[in-house]
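Below are the structure tokens for one structure; questions will follow.
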Amino acid sequence: MTMLNPLVLVLAIPAASAALLALISSYRLSSRINVLASFLTLVSALSLFVQPPPPDAYFLIDDLNIVFIVLNTFVGFTTSVFSASYIAHELETGRLTPAYLRFYHAMYQVMMFGMNLALVANNIGLMWVAIELATLATVLMVGIYRTHEALEAAWKYFILGSVGIAFALFGTILVYLAAQPIVGEGLQAMVWTVLIQRVAEFDPALLNVAFIFLLLGYGTKVGLAPLHAWLPDAHAEGPTPISAVLSGLLLNVALYAVLRFKMLLAANPEAIAPGPLMVTLGLISLVFASFMLYRRRDIKRMFAYSSIEHMGIIVFAFGMGGPLANFAGLLQMTMHSLTKSAIFFAVGHISQVKGTQRIADIKGLTETHPVLGWGLVLGVVAIAGMPPLGIFMSEFLIVSSTFSREPLLAIPLVSGLLVGFGALLLRLNGLAFGEPSGSVAPVEASYLPMFGHLALVLIAGIYLPPPLVAWFQHVASILG
Amino acid sequence: MPNLALDIAHLLAGGLVLVSFMMLYQDRLPALINVFALHAILLAASVAWQADIQNEPYLYVTAIIALGFKGFVIPMTLRRMIVRLGIHREIETVVGIGPAMLAGIGLVALSMVVMLRVTAEADPLAREDLAFALSVLLLGLLMMVTRRNAVGQVIGFMSLENGLILAATGAKGMPLVVEISVAFSILIAFIVIGIFLFRIRERFDTVDVQALDRFRGDQR
Amino acid sequence: MALIRDLAVQGMQMLVVLLLAPLLTGFVRKAKARLLRRQGPPLIQPYRDLIRLMRKEAVLAFNASWLFRAVPYLVFAATWVAAALVPTFATGLLFSWSADLIAIVALLGSARFFLALAGMDVGTSFGGIGSSREAMIASLAEPAMIMIIFVLALIAGSTQLSAIAEFMLSLQVGLRVSLGLALIALIMVAIAENARIPIDNPATHLELTMVHEAMVLEYSGRHLALIELAASLKLLLYISLIGCVFAPWGLAPVEGDWSSYAIGGLAYLAKLAIGGAALAFFETSIAKMRVFRVPAFLGAALMLGLLGTLLRFVSESF
Amino acid sequence: MALAAELWSVAAYFALVVVAIATVRSKSNSSIVYSGTFAIGMFALSVASFALADGGRTGASIVLPLGLPWVGAHFQMDALTSFFLIIVNLGGAIASLFALGYGVHEKAPHRVVPFYPAFLAAMNLVPLAADAFTFLVSWEFMSLASWALVLAHHREADNARAAYVYLVMASFGTLALLLAFGVLAGADGGYSFDAIRANANLTPTMAATVLLLVLVGAGSKAGLVPLHVWLPLAHPAAPSHVSALMSGVMTKVAVYAFIRIIFDLVDSPEWWWAVVVLCLAGATTVLGVLYALMEHDLKRLLAYHTVENIGIIFIGLGLALAFRANGIAWASALALTAALFHVLNHSLFKSLLFFGAGAVLTATGERDMEHLGGLIHRMPQTAFAFLVGCAAISALPPFNGFVSEWMTFQAILLSPQLPQWGLRLIVPAVGALLALSAALAAACFVKAFGVSFLGRPRSAEAEHAKEVDAFSRVTMFVFAGLCLAAGVLPGLAIDALAPVVQDLIGARMPQQTSIDWLSIVPIAESRSSYNGLLVFIFITLSASSAAYAIHLFASNKVRRAPPWDCGFPDARPATQYGAGSFAQPIRRVYGTLVFRAREHVSMPPPGDMRAARIDVELRDLIWDTLYAPIAGLVGFAADRLNVLQFLTIRRYLSLVFILLVTLLLVLAIWP
């Protein structure tokens, strides 16, 4: 029974397949195994709906994190499908060797394992360990090309990430120290479910310091400005599947951690309200990233900045709080993961067929590669928040609710959105339209993941199934 | 007896802060490495003492790791490395010693203020230790910020992490402490190897615009 | 019975304007000549000219289009209808309510529109000069006219010419500043619209100074005759407009008997004579101005009209 | 019932999108889709007309489980909706008919055909939507679809820029509307229009905010100065039938948004609102026509005239607001009717003119009037239809443009009844601007028609132009006939508009069709009246009788001869008046003020045989003073911030460090 426990499977499948993939040398086989494993993980994650196991000292499944888990495993699966077709091309062009590929696939599963673990962890220490595991795995993936830029990006990621790790740990220790007098020593003082029940009695001052360190520590992973420095380079220099995973998943996982602690802090009456902090950081990230979009020359780096922008919006929404804004934040997060990974799928194939990531060298895609080009157009239009795609709905809710509650906050929000919109559109004009340039060679791409994601986003923009809505609303009410 | 225990704990923790200041004061790498070794040894002592007064034997493991790994292995490798990289007699602080020290004092004061707001019924030992740990952490960060080359930054990071270990061991009955310290040691090993493998001295850390155009993928 | 009478009056009116228009032109020419101590052509000369032109064959440029041949009839028709709607000797014309003052101005505007197009049709530079200058003049004259209409409408509480005339007849008008402004503006506009000195010189054929004549330079024969007739109708229209608004004395009332109509007719002739003489005197006493000083002239008219309107808007007593 | 039918036709449009994408490779693709849109358009048009005919029964409402989950997608159909649906679908259907002929010449049909039905569907959805979310989705989707259509010929750099400016301005407007709805809906998000109407607690300041936001939002779509900059770039860039839709219909949808929100949802106007609206409208009217006069690209000239006519419509709306704020319902009804009637008229003649421009484009491949000329010989039918359009837009009786402007003038003449001084001073000034713009419009269309259709051809293409296909001619004549009909029988249109006005204002204009001789009387017989039918009959009668008489009694001989050349034979076509030279006197009068127009004449010395040349320099002051600075600001900020991309790890660390210390400090000084 326990072996068939989906929770165990969600963790065991990636771990086992990571070990397996480390042994297999044939990249075709390993990529297939990779897809298969990711699929099985997705299935077991879905089966979590059927019989969510009761929380214990280490693991917890509640309505909040099940959303994250399903999203995580789904995007993980689609990305593995995309990566299968992507990696083959990399091998042909000789940017990667089979040895590295073996490493790559193993690390992919390790990364998935780490993220799933972080999501199901009920123990804040365990959560910390898991997130760091995932981070280190991604560091190694980012540096996998061994080019100078890749190494530099990995190094930057590594150093800044380690500092983030340290902060997060310090925050965790502080939380433990706050809990210890009330809950008592030992493991119980790190179990989130216990903490959330007793947090009202904790010492507020300790919680405040703890939250600051946790916000900075995990916020580094979320990519909030000015802690974002690692993010653009890591996206730009790593393999594109990893960029997709970073934008689509890792940021969410870190955000999940922040949310958990925000709930802790919000439950303590004397402690500082976490909202204003998050709102401020979110707005800074949004506006900053929108301006940064204008001067980008590298297509992947540009979309990395757009990820920062959206993370800013999401953190802003959760900082605003309230059922409407929280709902919008969850929706925005889901839509952003789907859309951004879809964009990276498109960008991956584009940069492969054009042989460059320089925006200036890519023109008229809708002429040379209509499917890819229009896919990119659709993706960018979606990420820019145009209807009838999903992000418009969330941004609609965020902006309108903000303006009716805090009109002054809406001004930087709206102007940031507009500035970012202008930048994305300007680049899109050059990429997708105008006189074509570069190779017109046909590309053997797997369009399924990209258009699957975009279709989901489109449907969500028009029709949200009531169960999902009810679920999100419930989660939003949990978040408070 | 418990008072004495408290005082010794304070002494060691305060000593760590002091040594951190000494590290800020060093502007040559070899000396810096030596002082860091001292820092690690002090940490080991403090951890051992905590293990004794909390009579939690497994903290001794942490102490031994701190002593052996950070106290001897890392410094020795670093020494050999800087000789290899030929940066063993460079002055590589960004801001002068004086401002750095002043900033450090400010940071210590800040951490005191922040931590002493904690209400007293929190375990006093933990509370005082926490203040020191926070200051060690901030000083380490300050050092990372004020050192230009990678080795100096790594040392700064390690002292920061010492502060963490101090806090972790100070927190009574906190689980996973040993695992965490092991994990961090591995992390540091990674960093050091990274520096050594990629010959990172100031290359990734240059402010030279040509280098930027060549390295930072996104030309202006 | 009444309907028949009204129809008769309306038809009378149309014939009257048609017949009197050349006479008025001739009268103005004669008066000018006399003022210049010349003998001058006889009064009926315009009729002769028209008949002569009618007899001649029409000479068309090679690339003149169907529009070029249609325009004279359109211009004539529009001007004639407009002139027929202005009370000359009797108010309360049968069809006067079918178009108010704004519509009359617009009818003249459409006549000008098509005439300007005809000027562009053949594709010589003269026609272009004429059309573009005419357009520029119109772009100032029409708003000025609308402003004048505003003043009148705000005073009389109606844009119907008959109603305005009746109101002016009634003694409750008195002397009003805005009326004076409107009168001056109307005279200026009338001069511009009828291409008289100092805006334009109907007698000149020096291409560079022509406006109206340049537009119609390519016309000949019956087409030219129609356009000349339309021009005279326009002059008549403006003088009778001024007459019926600012000197409504003697106008026959709606249900008037024949004697009142006779009185109205005589009064109308007198008004025409006075207007023509004044025009002739005015034209002989000043010189034509450069075409680019015209905007100042008409701008002044526009400003006067706007001023009058504003005065009316801010207070009923002006 | 009618609502369901309209929604089904929208669904059919979307189905056509799928069909278009599916058959994008096939040859008959475009003809299939265009005939489909024509059929759907005619259906929706008839449904909407019936709905309006029986008073546009209100209350018909459908809620679909789409859009915002807890709100759902509300759709409603009242008189206002059905009127604008008539506008949309009439334009859409006839444009599709035109496209059946025009689309054949399309170089890249696969970039037009799939988006065309989507565009129509979105324009249908906006008037139908009855909650904020559905409304905004349709609104922005409309922008998106038209953006794709503007990019149909994406290889021209200008088009790419036009599309960019267009979409940025559009989403700016959408954000403004979004904020407006945010205010209207309140914190607990009552987004359906019924909830908004019910939401009573709307303070005057909030209402004023809504007005300004809506002016920005709807105005940026309709092309109110100074938000019009995208319009003359984007409308001409699209294929001509799309340009006709964008100019003739999409701007009207923006007008709908304004009416719906300000007259229906907010509906607590204060008198100074009218001042704001009237000032903007007056400036729009005159500036639009002046820009048009300076233009020598035919389609762009038409686009600028759209700006002008939007100004006229908004003058009517502003007057309606003014009267409504003072509770003079019947006058407000007159002004609103005038505005709505002009909406109809402009959609008619502007579409007609764009079709004509499209015909010229297909026949000659030229949009620049300086390369046209003499087309009346080559394509007489197009020329005739275009001439009708020109007369209509220049507000010449007996065409429709005159009637609506005449009614606007009548409304202006009622405004001494207004108590407020501000209004009393602003309204006559606006009237003067309106008169000025009418006269200038006439001048501008003398130029447009005279230069491109009359005279001698200025290029080989113009010389060898051929008359366009039957579809195009039919559509043009249909619209020409409609222009005349609406001008001759305005009473019918006014009475048809009565229920709309009744719903919004609570009053209506007197019944017109009952008046004998079918003349229209806005207020009272004694005050003013106009009878287009009689005027038309008079003119035709007198013209034909004159012609008859002359050909009967006088000579009817014609001789062809060379034109009078002043003694200089063989004047080349270049010696004719062109667009620039025609506008020169007017430029001298207005240009120096509005455009800082400068003329540089370079005259070669005597004996030098080089041609003298004159260069005219015009500056768009609005762009220079408003948009250029903003763009510069964004660029500056982007450059400054961009430094952060190139810092060293140590500096990034110091950023983290500083942030940490600041937060700790905040904590330390926290009370």
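A, B, C and D are the chain letters, set down in written order, and residue numbers restart from 1 in every chain.
Please note the rule applied: a contact is a pair of C-beta atoms (placed from the backbone, for glycine too) under 8 Å apart; a residue touches a chain by one contact, two chains touch by 3 or more.
Since this is a predicted model, take the numbers as computed values, not measurements.
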Any chain in contact with subunit A as well as subunit B: D
Chain whose average C-alpha position is farthest from subunit B's own: C
A-D or B-D - the one linked by more C-beta pairs in contact: A-D
Separation of subunit B from subunit D, taking each centre as the mean of its C-alpha atoms, in whole Å: 69
Centre-to-centre distance between subunit D and subunit A (centres being mean Cα positions), rounded to whole Å: 44
Approximate Å spacing (C-alpha centroids) for the pair subunit B, subunit C: 100
Distance from the mean Cα position of subunit C to that of subunit A, given in whole angstrom: 79
Subunit D, residues touching no fewer than two other chains: 642, 645, 649, 653, 656, 660, 664, 667
Set of subunit A residues in contact with two or more other chains: 155-156, 159, 163, 209, 232, 295
Interface hub residues of subunit B, defined as touching at least two other chains: 114, 117, 141, 144, 153, 204, 216, 218, 220
Every chain pair in contact, whichever chains are involved: A-B, A-D, B-D, C-D
Of subunit B, residues touching subunit A in the complex: 114-115, 117-119, 121-123, 126, 130, 133-134, 137, 141, 144, 153, 157, 160-161, 164, 167-168, 171-176, 179-180, 183, 187, 190-191, 194, 198, 200, 204, 214-220
Contacting residues of subunit A [partner subunit D, same complex]: 155-156, 159-160, 163, 167, 208-209, 212-213, 215-216, 220, 226-227, 229, 232, 272, 277, 288, 291-292, 294-295, 324, 364, 366, 381, 384, 386-388, 392-393, 396-397, 399-405, 410, 414, 417-419, 421-423, 425-426, 429, 433-435, 461-464, 466, 469, 473
Contact footprint of subunit A on subunit D as seen in their complex: 65-70, 132-133, 136-138, 140-141, 144, 151, 154-155, 157, 160, 163-164, 167-168, 171-172, 175, 178-179, 181-183, 185-187, 189, 191, 634-635, 637-639, 641-642, 644-645, 647, 649, 652-653, 655-656, 659-660, 663-664, 667, 670
List of subunit B residues in touch with subunit D within their complex: 94, 107, 110-111, 113-114, 117, 138, 141-142, 144-145, 147-148, 153, 204-207, 209, 212, 216, 218, 220
Complex contact set, residues of subunit A against subunit B: 125, 129, 132, 136, 148-149, 151-153, 155-156, 158-159, 162-163, 165-166, 169-170, 173-174, 176-178, 180-181, 185-187, 189-190, 203, 205-206, 209, 232-233, 236-237, 295-298, 301, 357
